[in-house]
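What follows is a set of structures to go through.
Shared between the two complexes below is chain A, which has chain B as its partner in the first and chain C in the second.
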Partner chain A sequence: MSDGVAGPGAVALPARPGVTATRVLRAEWVKTWTASATAWCVAATVLLHAAVALVSGYNAAAPAAGGLSGLLSLGLVVSQLPLALLGVVVSAGEHHDGSARSTYLAVPRRLPVLVGRAATVTAVAALAGGLAVAAAWASLLPFADRVGVTLEAPDGDLVRVVAGTVLHLLAVSLLGLALGAIVRRPAAAGVVALVWLLLLDQLLTMLGSEVALAIRAAMPGWAGRRVATPDEGLADLVRAGLPADPWQGYGILVAWTVAALLVAAPVVRRSDV
Partner chain B sequence: MIEVADLTKRYGSTTAVDGLTFTVRPGAVTGFLGPNGAGKSTTMRMIVGLARPTSGSARVNGHAYADLRAPLQEVGVMLDGRTVHPGRTAWGHLMGLARTHGIGRARVQQVIELAGLTSVARRRVGGFSLGMTQRLGIAAALLGDPPTVVLDEPVNGLDPDGVLWIRGLLRSLADDGRTVFLSSHLMSELAAVANRVVVIGRGVLLADDDIDALVTRSARDGVVRVRSAEPERLGRALAAAGATVRPVDGDLLEVTGTDAGTVGALAAELGVPVLELGTVAGTLEEAYLDLTADAVEYGGTGARAAAGDRS
Partner chain C sequence: MSAAVATLPSTPGVTWPRTLASEWGKTWGLRSTRWAVAATVVLNAAMCVLTAFDSLVGPEGYGYSLAYLAAGYLLFTQVPLLVHGVLAGAGEFSAGGAPSTFAVAPRRLGVLTAKAVTTAGVAAVTGVVTLVTSSLVLLASPFGAALRLGGDEQSVRILLGAVASLVLITVLALAVGALLRRPLVGIAVMVALGLSELALLGADGLAQWLPGHALVVLTSLNDFVALATAGSPVGTWGGLAVLGAWALVALVLAGARLRRTDV
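Presenting the complex of A and B:
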């Protein structure tokens, strides 16, 4: 295309034209990191996680269960939610404002977009998880002299619990991503994530029957958090006759996440936008 | 080059697009006309892979859109409706698209200037007027300097300056040898810029022709209008000569089945003073109304009769 309005030497076209996985990842990476929702969700994760540690440290009258590991991971029940919602927004948000059409015009095979988003969300969740644990630890420092606060991990489970906290957040954000890609409406997918990861656990706990607790043990939020539960908490589960293996629990969460992503892939690839 | 073959899209029991077959060739501006709800947008979305055909196929530059290695450098697309995150800047939106193809910042800057968006490039798209949003859509379509462009209602919301600008742009793209395919429901706009036109109604192909040929086929093309001092006497004579005469108002007659020369000669023979004599040229609008008379999805009957001005 030599001349004319659009083509007087179109500049900066690539020497090797084509959509590649790396290029799509770069595009999705920048889009996600520059979206304001990302900053909000990371901030909410860190604040919620630290706030729970702060309140438990402040109120603890007796040594907290699980020691430092327990205090650092206690906030996970609520701090997992902003990251699950981030996953939802990253995949469903573009359907809400119509920009999914621009995205899929540029990448008509579509699956590289889902992969690029999964990689980006994983990185965001890793950062948020690391910051959340660090903020929780920092928020305990002012109460280091209180009986309920110990800055030591008695059983040497600290590494597993901290790593588990971050790993749980990673998987939960990917589960949110898959839900958003399947449902495509951010509000609806957000409600599903909230109910599934939090309210359902609470409801089943309240019911308390053997069946209810068995179902709860298979739910992603509950099972996944076992990897971030201190040894002392796991021992309680064993005494109650409940499944307690931390990595098996995390495996259940990962299985749910992989299943959801496998459902999401054909929806992303085939549906009209 | 766009080749659409037996393209069909059904939503449940509704058939939005019904066995469309047509080809859009390079080096010309091809208009895509049809009443609201005729299936224009659905057809365009199937051409560019956003909607899956129920059956049939659409190929761009010889390939299904999804099989293009660098789609933005093959087909520039501007869709009707929202396609941009309102929180992003024009620059950010275009960069996001450019990154997927490894297109550099300099090209993004170039299309921003081309579309006249330089002064607002760093502003959030949410605050854009409809005209600016349209210009951003054009900028996105031209990003990869594509040989084919597909534009859904590109003049919507543009001010007169913008309309002139886009006419010039489309013409120069076609003169470059590119394929230009644009939909519109504004006949006058298409007549001003298109060489060819594809007309659909209720998802069915009604015409695929040169604009001139289509206009010539319109019912009013070639109607002779004659204003004379004695319309009744002239009318009788014309009818006797085998023409069809329709009195319009006062001293004006519309005559079909003859030509202006014959009418003038007959009037001279009768000694009837002719005040005005001429041949009606068909318009795209009339040709279009003829074609789509039965295919209007959402019609106000009175308005349509008035627009057609036919008895």
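Presenting the complex of A and C:
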């Protein structure tokens, strides 16, 4: 302006006032991408995913089950956890540090905030998933001469498994987001996410009874990972008499995620901050 | 009324026993502590019930050992204690109590050691109560009559080893919490360290140098211990030393950060 109130580079008010969905999305987008937790969680996902692929390929005495598809999806058991925790931090973090009040003062309808965060977290998870698979593949390249490392996917399932890996990470991070929005305390919601996605799976596997395996098949972590399981692994599940349809499994994870988001929506809208 | 009023002590000053008394009181006054203890006891007993009604395996699958059955699920059921340890170390930084605590006890390291002793006490109490409760549940189950708790070496190793591992890993969790000062990050790290065993068991020589290994080896049946420690420089009880070294290093790092940085 000519009277010198706003210097060069100053951000002017938009021509039209008001809270719009795109503006909320932009605000949440900037907040999430500039938080250090986001960078840490993406880095942890990529490192864990690649490390599992490399360590298991390097040490195995026989070619990996499912070939390259198997190696590229093996790390999902652990690499899903940083992204689930990121979802928790994105939605519960502001309740912890007190900035939720400013956020909801600026967006009194509140639900656009949840939608904006969901969109942002989806983008972060897609990036992290893509990087994780790429890093796992790249880390295997120099070790193609090891017995356990194969760079071919003979069953033709590579596209489904890689896409499934990324899709699983997307859904899991949204599940974390919903848990954080419901519980609002980062540590408590984080414990719920870790127990639900990791511990319960392992515990039910260890119990191994028919009931335990039936419950495990309905849990989001185990069911969702079927979409990222190579054909050979799915055939093993069929032989063991367990549900093995990859997309049905992913449907179970998506159903849990949608249900959790539907519970989160009224909590976000109605509870005091 | 006057009987219930706490009077000032006759000699003023900050002493270590007083710091310990206040940390002990603060810890047990927290809801999260009572939840963690209750969750560990109940979860472990529930796992024992599920196992004891597993007619497919029968008691011979568990070596007829009461101690092994009671302690065999601690790898999973230790998680509430790990969370408790992290919260004991990081909770005050996140909830805002830390400035008051360190204004009262400016030397700081006394607070850390008092917290460590308190946490060890909570873990020891929880471990003993968990094993006793689970044993009683198992004795009342269909397996009960077939199970033995002799004074044999295996049972002693399992019971003592379980409590000692729980104490040390909970102190490690406290130190990790005090070092990182963020509850969620600390919990993620401790779950990863405590349960890395699941991913690594038998995979290579790395597992024995991780803090979660002692509990698994010490609470296993003799056959498995022989398998897991074959060719291992750490051995059976050496796992406790490895775990103790982890806890000590983490405590020293947490102490250094506590002394040198703002709270």
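Convention: the second predicted complex is superposed on the first by the 262 of 273 C-alpha atoms of A that agree within 3 Å, B and C clash if a C-alpha of one lies under 4 Å from a C-alpha of the other, contacts with A are read in each partner's own complex, and residues count from 1 in each chain.
As a working rule, a contact is a pair of C-beta atoms (placed from the backbone, for glycine too) under 8 Å apart; a residue touches a chain by one contact, two chains touch by 3 or more.
What you are looking at is a predicted structure, and each value in this text was computed from that prediction instead of being measured.
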item: Touched partner set for A:Asp157, first chain B, second chain C, both or neither; value: neither
item: Which of chain B and chain C A:Tyr104 touches, first, second, both or neither; value: first
item: Partner chain in contact with A:Asp272 - chain B first, chain C second, else both or neither; value: first
item: Which of chain B and chain C A:Asp231 touches, first, second, both or neither; value: neither
item: Chain A: partner with more touched residues, chain B or chain C; value: B
item: Partner chain(s) touched by A:Thr34 [first = chain B, second = chain C, both, neither]; value: first
item: Touching partner for A:Glu94 - first (chain B), second (chain C), both, neither; value: first
item: Touched partner set for A:Pro17, first chain B, second chain C, both or neither; value: first
item: Which superposed partner A:Asn59 touches (first chain B, second chain C, both, neither); value: second
item: Partner chain(s) touched by A:Leu85 [first = chain B, second = chain C, both, neither]; value: second
item: Doubly contacted chain A residues - partners chain C and chain B; value: none
item: Touching residues on chain C, where the partner in the complex is chain A; value: 47, 50-51, 54, 56, 73, 76, 79, 83, 87, 94, 183-184, 187-188, 191-192, 195, 198-199, 203-204
item: Interface residues, chain A side, partner chain B - complex; value: 1-7, 10-14, 16-20, 23-24, 26-27, 30-31, 34-36, 93-94, 97-99, 101-109, 270, 272-273
item: Residues on chain A engaged by chain C in the complex (per definition of touch); value: 52, 55, 59, 77-78, 81-82, 85, 88-89, 96, 186-187, 190-191, 194-195, 198-199, 202-203, 206-207, 209, 212
item: Sites on chain B touched by chain A in the complex; value: 45, 48-52, 65-66, 68-73, 77, 79, 81-88, 92-93, 95-97, 99-108, 110, 114, 140, 142, 144-145, 147, 168-169, 172-173, 175-178
